[in-house]
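Each chain carries a letter (A, B, C and D) given by its place in the written order, and its residues are counted from 1.
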Amino acid sequence: MNKILLLTLQLAFFITVAPLLSGLITKIKNNIRMREGQSVFQPYYNLVKLFSKSEVISGTASWIFRSAPFVVFSSTLTAALLIPVFIFTSPAHTMGDLLAMVFIFALGRFFLALAALDTGSSFGGMGSSREMFISSLVEPALCMVIFAVSLQFGSTDISTFSGAHAISVSSIIAALALFLVSIAETSRIPVDNQETHLELTMVHEAMVLEYSGRPLALIEMASYIKQMVFFFLIAQIVFPICLPSYENLAQAFSWASWYCVRIILISIAAALVEVAVAKMRLLRVADFLEFAFVLGVIACVCAIVGV
Amino acid sequence: MQISLILGIPALLSIGALFLGKRKIFGIVNCIGYLTVLCCAIGLFIEMILSNSAKVFRSFIYLDLLSAYFILVISVVAFAASIYSIGYIKKDIANKAISENKARFYYCLFDLFCFSMFLVPAVNNLGILWVAIEMTTLISAFLVGFYNSKESVEAAWKYIIICSVGIIFALLGTILLVYALSISGLSKSLNWSDIVPVAHLLDKNILKVAFIFILVGYGTKAGLAPMHTWLPDAHSQAVAPISALLSGVLLKTAIYAILRFGIIVIKGVGFAYFGNLMILLGMLSLAISCGFILVQKDLKRLLAYHSIEHVGIISIGFGIGGALGIGGALLHIFNHAVTKSLMFFGAGNVVNKYQTHNMHIIRGVLRAMPFTGFMLLMGAFALAGMAPFSIFISEILIICSAFLKGSYLVAFLLLGFIAIIFGAVVHHFSKILFGNAPKGMSVEKEPLSGKLAFLFLSFPICALWIALLFTNKDLTWIIQKLFQA
Amino acid sequence: MLDLLPKHIFLSDPLSLFFLFVIFIVSLPSAIYSFGYLKGEYPLKKIILSWFLLAIFILSMAAVVTAGNVLVFLVAWEMMSLASYFLVVFDTTHERSIKAGTIYVVMTQIGAAFLIAAFMIMYSYARSFDLFALKNACLAMPAQTKNIIFVSLLIGFGTKAGIVPLHIWLPYAHPQAPSHISSIMSGVMIKTAIYGIIRFVMFILGVSAAWWGVLVLILAVISCLVGVIYALMEHDIKKLLAYHSVENIGIILLGVGLAMFFTSQGLPYLAVFSLMAGLYHLVNHAIFKGLLFLCAGSVYKATGTRDIEKLGGLIKTMPYTAAYFLLGAMAISALPPLNGFVSEWLTLQAFFLGALNVIGGTKLFLGFCAVMLALTSGLAAACFVKAFGITFLAGPRSHYAKEAKEVSLSMKAGMFFLSLLTIVFGLAATMIIRYLTRAAGSAMDIDISHMQFSLNNITLNPQAGKSIYLSPPLLALVLLVLGITGLVIFCAWRRKRSVRHNTWDCGYYRLDARNEYTATAFSKPFRIAFSFFLLPYRKTQKIRESFYHVRSFTYETHTIQVFKKYLYDPVLVLVFRSAKSMRRLQPGSIHLYLMYIFITIILLIVFMRWF
Amino acid sequence: MQGIILFTVLASTYLMVIAKRMPALIRGFRFQSFCLFALTLIMAFSEHRLDLYIIAVLLFVLKVSLIPHFLYRTIRRIRANENLGLFINPQLSLIWAMAFTYLSWIFAARLAVFGQAILIGVMAIAFFIILAGMFLMMSRMSALAQIIGLLVMENGLFMLASTVSGGMPFFVEIAIFFDVFMSVLIMGIFVFRINKLFTHIDVNKLSRLKG
């Protein structure tokens, strides 16, 4: 019975903490740019505002446009449940493993792209075409990272590498590759700009252009959670801290704090990258992802050599 | 007793054709005549299988299983041609292509032609065998040049000259055989039944040279590669039932003659010599026909080149030898004779209706003439060696024997050429058959006799199981009997 | 001496029964579908003919997969090709379908020639056409002949399966056939070739050399990539699906190739696992490809065109077909709850587990193949977003799409049955895996008694590393529950009314269909990214009224079919040119003909000693 | 005595090879047939075989009187121009003829390895006549030349058969003669038809059927 309890706890944790993480990153970016910037809790205010606004739906949209936010939200949360946050193995780990997570994200992206096409505006079409282009190039890089991890730890099940293990060169390079992939996935600067509404540059924004009110809120929340999931994964691979096993629940909260420190470190890194690098042209993104892929290959070679 | 009927009926019919008044009645009489010939041939063949002894009448007629088999093949195609020619001649007279008494002249030549073809397998003496084949050439020359147009006369002239030259070389080969006999002091009688037991005593060198002349001589008549040049012209210009007879059966009589001498040479010099020569010429004719079929524009010439291809396969089958090879080749002779005559009947109908041989103009035969179209479609796939039809089985047997014998090059070349020719056939016939008919082309019913001929022929083509049965049970037994090998 | 008549004609081992099952689960709905599909199109006589041909087609396929004797196999194989040829050229008025039919039947015949060669070599060792006799003979066969037989079998079955260099006929033949036939052809017929490879290479010949598996894997990877890249560029919906068949055959062959590789490396259980993954993807592909072709058929029947650039907004007029197409698209793009995801996940796991047990460089090779598979599934998802989005969503782009009406009941029933199967095969994964392992084990004569699979924990304990977990039902349940929580959050706040307004048009005038994104535009990034392979051709032209005013702008682009242009066309040109040059042999002068005879005699006599 | 006759046969063949016009060709053929008739008579006389006499008479009736007469009539009836239309001019054909003689002499020597010299000589001449016939057919344009070429080859065969192996069985000889006569008749008919349709009997122009 406490499996269900733990699941709801993890669910609540993700829904509440995720926007905070995104607020934190924007805060760090603004500080680096020597600007005051919005407060850390600004994402919460946006969500509350969106939830209270009414919704405008385009005339040509079909049931796919209306159902897409729920599919995106549920798929991202399912992926989140796979991550072992509080205890050694996440309660729903028999549901799938790292590979399944890749496909679960693909489900969300599939529906979002379709919803973008549904409205019939050229922005939506452009956004979905670019999104599918980037995601289809992300998949090989992500798969190579998973391959490196599975070579290193014996299987692709997430709980295997949440145990204590020595820091090895291959896991560091794998984490770096995963970091580049997460930039592409969570539409950070070098690949795609979140804040802008300039047609030529936006990818993720273009898809959700037609949404308003509560569906937009759900999609925003999903993107925050996705970001957090990626950061958790990177943290797990690079900073190997043995999470408490299932019995001693008491320790769970003490270790959680150490866990948040690692997440903050990664978000600082992410903010630094966003500030330092300018946005690339769409077709240069292919080379960017190839670089991530090469990093993955290097991680595999190191894993094979046993470094 | 059957043989006298088989030979007598066509002779009588040919004489009858000249005097009998009504053409319509004579057509039916003709069919009945050939039906009886067919029954006698079947009776003869079964009798031969059961009483495995050769029958000799006054040392002139010699019948063993091989000749009975060829007589059966000839009678099947002759009967089908006789049925088909009733309808065809009626249509020709309707289109004013030939006059009334010319039709009577046609029937007389038709029966003489069949008589001479029946004579070839029956005869014992090799000299008379030569004379019989010469007679078939002379008679069929008139039938090739029947329409008296520029092309048909040219085709007839080429047919006569090239075949006569070929046959003269065959006669030279026979004379060398006689010379070999006289040198080794044996009796100079040319009877095949006397030569075979004594063949191993003959001088090897002369036998080899003799067989080369025989092979080139009768090969010209059989349409083997370098000497095949008369075949496309003759078959495309002849009257449809006659070109069916020509390519279905006349080529086979020449192959029969080569086989007769082949048996002597196998006994005298050994199988390798006979095998290599046959495979060489067979492969050459396969290669040349494959090239011509690919770029052919004329429907009947396409079918003529197909005969060259299948004659090539038959000679390769005999060249490879072994129970499977020879069995496959023999089966292929029957299958090809039947399928090719069906195709020529179909082509005859199509050419009659579209008034052109050019395949680029003929379109939508399935729409314009549903029955012939379907028969052509089935025949085309049968000819190309598609599965459910019997040619596929005989080709498989020949390829199988090639692999058994270990001659991989021959097998792979054979498979390659058959695949290319399959592609060419499907390419040509799908263009002709499908698509919609040209404007103003009325869908008219074919004459009953035409339909009967097709149905009679389509049965053996699909008789795949009989082929399987035939090859399975007593194949080697027949081969032993035939070749006393 | 020569026992042609087979002792036992038909086999009934699990592999054949599995393929029979695959044949019937696709043929049944297609047959039901064909009621509605053919009703208005052809006269009654032709419909009866199509039924007759369909019956022969299905029976010959069933005979192929259960043939116990090589001759029966060959005859059934050719009957299958013949019946499918007639069905491809069923609509004889179009010139295209005749050309497609010819290419199709010629390619299959060349394949059959290779098959005959391989079978005959085996026959020459075994002296009998029976499969089991061949199997014993193959044990004592020298390695050199085994390699020749393997290569000719691969080419023979490759032409029918549509492996890349030999896939040319597939995008021509499948779209021309009536849709229910192309669903059977694409769903099942190319699978009989995979059956052939498994039966004759793995069961009878026995994998002896490692390079066999590697060759099949390389071919499979190339097929995957080429298939999906060309599918991205294709705008005719049935051609698009045909190219996807090439891609999915590649994925199936990845499983089969892996099994071959592992048997040669001496890892029997991993071989069974990867063959099971291959077979699972085979049945999944049969289901969702059949479904997609049926939906494409109903789109064609409703609108009259197959070009997705002219369609759009069909989801409003044809809700059922749209829903079924969406399900099919999700299944083929390997999205979680459905069957495509499970089989693709299993194939990837086969690669990862394999990599754990293999030494040194081959780990990287297996990793590389897995990565190419991931890339393919990514591109496939993109392609089906394009196909579904452009065809069904947004507004109608042409009068075809405007007048579309929903299809008749029998067609919907066919599609519903198959879409139900995609869900069932997705959720009931573990039960199906248990049966498929038995089939794979029997195909490779490996006893699988102690390989065990718990409900959602697929452990391969004798061989692999740590256990791996996947349970599709649990995944579907969690997705559903979280979807409902999203809905609850959505409705928890005070009810707000939602306003319907037209799409954001930057404020100046009403948007019409020409503003919608087209399929060419959608696939433009891919065309540029893969331009090294597609060699895209692009021509833009401005038609100007005056120097300043541009009246209209034309944009034309197409990609070059690399295989057709650089492999098949030169061969055809060579063959036809040599044939034309051979025509000069018969110029019509009788003197030359006499010369031929004279020279033959001289040559034969001179070289007499050689014979 | 046989040697002289053989020599005349050889000479007659050379005559035909260098003939430029049809009447010369037919005269050559007639002369050759006459020599053969003489040869068979001598053979029949020395071996006292009755059937050889009949064959000789038949040979004379057919090949010396009937066929040449029939050919002359056809030439007059169709009023075709009488020159043969040579591909190869007479001098070159003579050289070819000599080459053929040497070729057939080698062939005969290899074939009849242990026969006496006269036998090899006869066989050589017989083969030469066959080759000359073939050469005539291949290198002359007119249809009649092809008929005569055929007849010359047939003569060569008859000579080979009767001298080398004492002749074929009687009944076969008769059948062959009958066949030869039939084929000449039929070819004559066809020459008439060609002349009516094409208004010339130049076989070289008959090339409508190609490919």
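Definition applied: a contact is a pair of C-beta atoms (placed from the backbone, for glycine too) under 8 Å apart; a residue touches a chain by one contact, two chains touch by 3 or more.
Remember, predicted model here, so these are calculated numbers, not experimental data.
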{"item": "Central chain of the complex, centres being mean CA coordinates", "value": "C"}
{"item": "Most contacted chain pair (by C-beta pair count)", "value": "A-C"}
{"item": "Identity of the chain that, by mean CA position, is farthest from chain C", "value": "D"}
{"item": "Averaged-CA centre spacing for the pair chain B and chain A, given as whole angstrom", "value": "79"}
{"item": "Distance between chain centroids, defined by C-alpha means - chain A, chain C (Å)", "value": "34"}
{"item": "Centre-of-Cα separation between chain D and chain C, whole angstrom", "value": "71"}
{"item": "Centre-of-Cα separation between chain D and chain A, whole angstrom", "value": "101"}
{"item": "Sites on chain C at which at least two other chains make contact", "value": "583, 586, 590, 594, 605"}
{"item": "Two or more partner chains touched - positions in chain B", "value": "157-158, 161, 165, 209, 232, 292, 295"}
{"item": "Chain A residues counted as touching two or more neighbouring chains", "value": "none"}
{"item": "Each pair of chains that touches, named by its two labels", "value": "A-C, B-C, B-D, C-D"}
{"item": "Touch list for chain C against partner chain B, complex", "value": "1-5, 71, 74-79, 81-82, 89, 92-93, 95, 98, 101-102, 105-106, 109-110, 113-114, 116-117, 120-121, 123-124, 575-576, 578-580, 582-583, 585-586, 590, 592-594, 596-597, 599-601, 604-605, 608, 611"}
{"item": "Sites on chain D touched by chain B in the complex", "value": "110-111, 113, 115, 130, 134, 137, 143, 146, 150, 153-154, 157, 160-161, 164-166, 168-169, 171-172, 175-176, 179, 182-183, 186-187, 190, 193-194, 197-198, 203, 206, 208-209, 211"}
{"item": "Touching residues (chain side chain C, partner chain D) in the complex", "value": "583, 586-591, 594-595, 598, 605"}
{"item": "List of chain D residues in touch with chain C within their complex", "value": "87, 107, 134, 137-139, 141, 146, 203-204, 206-211"}
{"item": "In the complex with chain C, residue positions of chain A that touch it", "value": "11, 51-60, 62-64, 69-71, 73-75, 77-78, 81, 92-97, 99-100, 102-104, 106-107, 109-110, 113-114, 117-126, 128-130, 132-133, 135-140, 142-144, 146-147, 150-151, 154-157, 160, 209-210, 213-215, 218, 282-283, 286, 293, 297, 300-301, 304"}
